[in-house]
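Chain IDs A, B and C follow the sequence of writing; residue 1 opens each chain.
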Amino acid sequence: MGNLYAKPYHDFNINQKLSLQDFKLLGNQEARVDQVHMHGYSKTKDFILESSINLMFTSNSLKNIINNAEIVRKNLMSLNCFENISVNIDVSSGSNSTPNGYKVTFNVQELTFASSILHSVARDNEGIVKLGFKLNNITGHANHFKIESSIGNGGTQKYDACISKHIPGTISSCISGHIFKKKSYWNTVHGVFDEWGTLFDLLFLSPYKSHFSQNLQYEGVIRDINMLSKESPFKLREESGFSVKSSIKHITTIDTRDSKVLANEGVFFQMVMEVAGFGGDVKFLRNYFTSQFYSKITKDVVFQGSFGGGVLTDLGTFKKVNMMDRFFLGGPMTLRGFQSRGIGNLNDNVVAGVTSYWVSAVHIYVKPLFGMESNRINEAIRLHLFCNAGNISFFGKDTKSSLERTFKGFRLSTGFGVVARIGNSIRFEFNLCSPLQYSAGDRIVDGFQFGVGANFI
Amino acid sequence: MFKPHQLEVDTWKGDWGLPSIDYKCLEVLAFARFTNAPINIYHSNNPYRSVTGHLPVVSYNKRLLMDRDSLMDCLEKQNLTPDFGLTSLQLAEEHAAISMIDAQLEPALLFAWWMDESNCLNFTKPWYRNALKFPFNWYYPNAYEREAKHKIYTLYNHLDSDNDIMTEVYAEAIKCMNVLESRLGNNFYFFGSHPTLLDAVAYSYLGPLLKAPLTDNRLQSHLKTCKNLCIWIDRITREYFKIDWQAHKCNEKKKLEETKQQMNVTPWYKRDETKNVLIGIVTVITMVVYSFKIGLISVSDTSDEEDED
Amino acid sequence: MADFKTSSSILTKECLRTQICGEGEWPKNTVIYQPYETEQILLPDNSKCLSVKTFLKMAGLEFIVEARENAEYMSPHRGKVPFIKAGQFLVADFEPIVSFAQSKGYSLSTSLDETQKWDLRVYMALVNNVLLNAEIYVTWNHELTYKELTKPRYSSVYPFPLNHWATYNKRREMLSHLDVLGWKKKSLDEVFKEVERICESLSNFLGDKKYFFYEKPTELDALVFGHLFSIITTPLLNNRFAATVRAYDNLVQLCVRIETEFYQSRIL
C-alpha cells in the first residue's frame, strides 16, 4: 500500500497523527469524495483510468474511502502500466468543497516504454530462467507486448510472444494472445515433446474480491512427440508423430491463502475444464481440479489438507488422445515417494497416462524456530510431516465399477522433510519419503527426494 | 597455327606428398594425369573467384566445368578417357563402385576434418588459414566448416548425437575401405595395369585420409592396416605426381635435419629458465611499485635529519 | 574415448547402436511398420518397403505388415521407413534389417565368394544412393508432381493446419537432402539420364542370368525388385520414369520373375 495520510477535522492538530481510536471514530462518520486527482502519468489515456477511479465516488464514509482507494490502487496496478502508485487522502478545500468532502490524490509513476525481463520460475520439478523484453503500454491503452524465452535445467525451452490488453471496468479483464514454441523432455523414456501453438486468453478478475478469477482460453497447438531412444516403451513410440489440438479451456480459481507457497490460513481451489475437438485431430473432454485447505492449529503449527482429481473422456473416433493429453501422477510435489510421472506400468501392454486420477495429501507444518516471533526464517522455511495417497485408473462406461477400481489398491506414502519458499511462488521441498503402498511397475523413491515447483498438493 | 585448348585448373596447393590436399582438386588432378590431358595447374589457394566458393575451378576453352560428369564429357570429346578398354560389365562395376565410395567415404572425410573438434581446431582450420591470404583466411575456413557440418547433419538427420553420427560414418567408411582393400588385392590398379576413373575417385578420398597429419586419426590408423591400399596410394603418387613426391621427400629430409639441429641448440630466449626468471622479475617489480603506491614502503630523507642531530 | 581407438571397436559400437548383434532365433511375431499403401505412401518409401518385404520373403522369414499413418515418426530413426519390430528390437531401413537377419543366421549371400560380395555391395550402394535419390527428386523436387501427387497423398492423413505444416517440413528436409548431394540443381533430364545409366549398369551386370548371382536370389535382387517394381507400377504424372526402366528388357523380366515367384497374387 502507498502512503496514506488523513487530515480530516479542524480540531485536530495538523501535524498530529491519528490514534487508532480516533480513526475508528472517524471511519464511520459520513464522508464523500469531492475530487480525485491523478498525477504523474503522461502516456496512459484518460478513459482507461476513469473507469477504475469511478469507484471512489461511491464511497460514503472515510473507512469506505480508504478501502476503495486500496481497491482502485490494486486495479490500477493490475493494468501493468505503472511502476508504483501512492495514494493521498485529504480534506477538500476551496470553493467547491462540501463539509464532509475529501480529496483523493493518486501519484503514479509510469513504467518506461521498454524494459527487460529476467527472472526465474519453477515448474514440474524444473528451475527455469526467463529472459526477454517487453514494451509497456504501447499506445497508452494499457496494451503490452512481450517476447520471452525460457530455458530450464531439464532442457525445457520455450519461446513466447505475447500481446495483451487490459480492459478496466467493474469487472476488470485482460485479453491476451500468445504465439509460442515449446520443447520439453521426458527423460525416463527419452521422449521429446515439441509444441507450436497459439493461445488466446480472456481473464476476468472480480474487482472487489480479488481472490476469485476466471479464465477462458482458446488453444490451438501442433504437437510433435519424438522418442529418441530404442529403449522407449513401444506403446509410447506408437503415439509419436504430429497431432493437432484445438481446445477451449475454462479455469476457475478461488484463492484466499495468505501466501502462495507457505500459507497459514485460507483456501485454494482451482478447477479446469477443457474441451478439445474444434478442428484438429484429438477430441476429448477433460476436467480436473486441485484444492487446498489451510488452518492454523497453534501459533507455530499449520495443518494443510489437499485433494485433487481429474477425469478425461475421449470423444474422438479416428485418432485417440495421446500421452500429451492424458494424466500422469507422481512426483516430488504431488505424490511424494514416487518419481515424476512414476505411477503406472510403462511396459508394452499398458498405455502410459491414464484417464482419471485422484490424489490427496495431509501436511502438518511446524515453524523451525519454535515459539519465536515471526522472523525471516519462520517466513521462508518450514518443517513438515506429510502423508500422501492417490491412484490412477481408466474411467470406463460403467461408473460403479470404475469408482470401485479408482479406490482399489491406491498408492500411499509418508515422510517428513523441509519446505522452503523462494520468492513469491517457488517452493522447494527436500523430503525423506517412504512409499507404503504401491504396485508393480511403479517407479518409487524410497529415501531422499528433492522437488521444486509452483504447483503442489 | 592451331593451339589446342588446355584444361585450366585452380587448386589448393599440395602437402604431405599429395599434389593437392582437397579431395575434389585431387580427383581432377588425378583424372587429368591418368588421361594425359593437357592441363595448366595454378595453385591459387584462393576460392574468391570461384562461383561456388570452392576449389577446384576447372575450365576448358573459357567454359567452366562444374562437376565430374561435365569434365568427363569434355575429355571424352577429345578422345581422352581413362576407362579406355574396359568392358561394359567393368564400366557398370566402376559406376557402382564410385557411387559407393562417394556415399561412404565423403562423409567420413568431412567428419574427420571438420566435425571432429580437435582435428578441426588443430589441423584443418590452421592449414586453410595459412594457405589463404589475409582477409579471406578469416572467412573461408569457417564457411567450409559450416558447410561440412550442414552436409553431415542433413545426411544423418535421423541420428541425434554427434557420437552416433561418428560411429555410423566411421563404421561405413571402415567397411568401405575393407572391401576396397580386398577388391584391390595385389593388382596394380583396380582394373589391371592402368588407372581408371575409379582409381582417381578412390585416390582422391583415401590419399588425404592416409596422409593428413590429423590429431585424432582413428580412420588413418585403420587405413594404415590396409597394406594394399597404402602401397597403391604411394604407387599413384610416385608414378603420376613425381614432382610432389620428390618435393615431399626433400622436405621431409630437410625437416628431419632441422629438428635434429633444433634438438641440439635451443636459443636462450626459448628456454624455460629464462621465462621463469622473467616472470619473477616482472612480479617483483609490480609488487614493489604497488607497495609504494599504497604507502607500505616510503622513502624519507632520514640522512638529512641525522646530519642535523 | 579409449574404446574408440581401434577400428574394430567402432564396428562393435555401431552394431550395438543399431542393435543388430543380437543372437538367437528369428522372433515369432515380427511386424513391419509402414505407411498406408493406398492413400499415403510415396514412391521412395514404397520402394524401400517393398524391398524389405521381398527380402524377408526370399529369406523365408515370417512377418506381419502393419500400416500406420505415423510410421515415419515411430521409426527408431525418424523419417526412415519401413522398420521392423522383432522381439524387443527395432531396426529401420533396408541395410540394417539385412544385417539384423544375418545376425540371426538368415542371409541370402553366404554362398558368394569375395568378388561377388564386392559386386553385391557396390550395386546395392548404387541403387541405395542413386536410384533412391532420383525417386526422391521426382517426388519432392519436381514441382508438378509435388503439387499433383505428393502433397495430396502426404497430407491426406492430417487435419487442417497440420497438412500444410507437415508437408512443408518434410519437403524442406528432403530438398536439403538433395541439395547437399548436389541433386537439387539437376534438371529433370539429367536425373533421367542418371536413372538410365543405373539401369544400364544393372542391366549389363544382370545379363541373361536368372538372378544377379545366377540361380539364387540375393539381397540385391530384393532391393532392385523393390525399386524397379515400384517405379513401374506407381502412377506418376507421365510414364517417363517407368518407360526409362521398361526399356531394359532383362530388368523387367527379373521383376516379373520375382513377382510371380514370391507374390503370386499380384499381376504386373
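For the reader, a short list of remarks on this structure follows.
Going forward, a contact is a pair of C-beta atoms (placed from the backbone, for glycine too) under 8 Å apart; a residue touches a chain by one contact, two chains touch by 3 or more.
Every value quoted in this text rests on a predicted model; they were computed, and no experiment measured them.
Averaging Cα atoms per chain gives one point for each, and the point farthest from that of subunit B is the centre of A.
Here the chain at the heart of the shown protein, by mean C-alpha position, is C. Subunit C has its Cα centroid 52 Å from the Cα centroid of subunit A. Averaged C-alpha coordinates put the centre of subunit B at 35 Å from the centre of subunit C. The mean-CA centres of subunit A and subunit B are about 59 angstrom from one another, to the nearest whole unit. The residues of subunit C that reach two or more other chains are 78, listed in rising order. In subunit B, no residue touches two or more other chains. Put simply, subunit A touches subunit C in their complex at residues 196, 220, 222, 224-227, 230, 234, 237-238, 240-244, 279-281. Partner subunit A is touched in their complex by these residues of subunit C: 19, 68-70, 72-74, 76, 78, 85, 89-90, 158-162, 165-166.
Interface residues of subunit B facing subunit C in the complex, by the touch rule stated above, are 67, 88-89, 91-93, 95-97, 99-100, 102-104, 150-151, 154-155, 157-159, 164, 167-168, 170-171, 174-175, 179, 182-183, 218-219, 221-222, 225.
Partner subunit B is touched in their complex by these residues of subunit C: 4-7, 10-11, 13-14, 17, 75, 77-80, 92, 114-115, 117-119, 121-123, 125-126, 128-130, 173, 176-177, 179-182, 197-198, 200-202, 204-205, 207.
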